[in-house]
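Here the chain labels run A, B, C and D in written order, and each chain numbers its own residues starting at 1.
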Amino acid sequence: MTIAPSDSALAPALRGYADHKPDHLARLHKIEGQVRGLTRMVDDDRYCIDVLTQITAATHALQEVALGLLDDHIRHCVQEAVRADQDTGETKYAELTIALRRALRL
Amino acid sequence: MTIAPSDSALAPALRGYADHKPDHLARLHKIEGQVRGLTRMVDDDRYCIDVLTQITAATHALQEVALGLLDDHIRHCVQEAVRADQDTGETKYAELTIALRRALRL
Amino acid sequence: MTIAPSDSALAPALRGYADHKPDHLARLHKIEGQVRGLTRMVDDDRYCIDVLTQITAATHALQEVALGLLDDHIRHCVQEAVRADQDTGETKYAELTIALRRALRL
Amino acid sequence: MTIAPSDSALAPALRGYADHKPDHLARLHKIEGQVRGLTRMVDDDRYCIDVLTQITAATHALQEVALGLLDDHIRHCVQEAVRADQDTGETKYAELTIALRRALRL
């Protein structure tokens, strides 16, 4: 089964993550600052292990955003899948598997 | 054995990653742009799976920077370890284990 | 909200992954063989990078099992959550977040 | 530069991880038991989240073996790289980058 590409090209709509949008945005702003901090650390010739520690923190923070989005996606989109007709439901579940695969870096 | 904390507090010095500093900085600038792009995607209510794909890309890019730094660290600092007296050498190796542990998120 | 520990202590029941149980078992048997192979490689003093390549393969295979279990869990348990009363539903979702967090190693 | 494939096909030799071989083997035996335990859990229809927790533990244990091997590899092989002529040294370093890339799953 293929995933209709049209959905991702849809005009902006309320997404499953709408409720937590301010949280996701706040986290992303913080991560942007962390990455800017990393640039500064390398520019200032900071100690390699300190830079690596900071990279790990930023990676972890990105994964937390992924977790939050997945969580919202599952609650909302899978709910729709359960309530939809079988074909739409299957499409939703197939999308979910793709989302999990992305998040697990598989 | 403990790692002397002083090293990371040293006045800026030439680091093991000095040779590749422009590469690391260029990558980090690109990642900062990716994270800013993520903020825009969430703000525009973009499709959850597209956002996750982009998070995976940014995470991957951060890991590539970590790899580059580790690589440089090993080449330069381990070289010093080999050439140093045994105590200094052991300190360098212990730092290396910490760096690997950070990079592997262990 | 806490997760009632009783569920995991329940007498064996049909789980969300019941349909794919043979697949999961087949994968796990293969992984057991991979780990046994790793033991043999180290015992035979095989080249370090070859051992690392094999560790990556086994790690990847374990993550595929995690993905399969999560996928099944979400389809079945979230379906129940949607159909259950609100409290049960919230418990199911909270469990799901824990499952995702485990799978993402967060 | 290409990595001569011959090295991995060499007759068994003392590897960089020789000193810690008993540790690596002990860990791998334990992991084999963990994977066998996973098979039993799935066979017994154990709760999905408990299975995922156990998969995470096994994955973590595999990464610890990877860390140990890398650590040994770097101490021994990079030492040789430092002491070798430049060409051999470069080959050793190129192998190291590959090993790190494997370990970081990049």
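Please note the rule applied: a contact is a pair of C-beta atoms (placed from the backbone, for glycine too) under 8 Å apart; a residue touches a chain by one contact, two chains touch by 3 or more.
Because the structure is predicted, anything quoted here is derived from the model rather than measured.
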- Which chains contact both chain A and chain B? none
- Task: Return the chain whose centre of C-alpha atoms lies at maximal distance from the corresponding centre of chain A.
- Result: D
- Item | Separation of mean Cα positions, chain D and chain A [Å, integer] | 30
- Note on the structure: Here the gap between chain B and chain D, centre to centre from mean Cα coordinates and rounded to Å, is 21
- Which chain D residues touch at least two other chains? 60, 63, 66, 70, 103, 105
- Line, ring, star, complete or other: which one describes how these chains touch? ring
- Message: With touch defined as at the top, which chains are paired up in contact here?
- Response: A-B, A-C, B-D, C-D
- Query: In their complex, what parts of chain B are in touch with chain D?
  - Reply: 60, 63-64, 66-67, 70-71, 74-75, 78-79, 82-83, 93, 96-97, 100-101, 103-104, 106
- For chain B, which residues count as touching chain A in their complex? 7-8, 10, 12-18, 21, 24-25, 28-29, 31-32, 35-36, 38-39, 42-53, 55-56, 58-60, 62-63, 65-66, 69-70, 72-73, 77, 95, 98-99, 102-103, 105
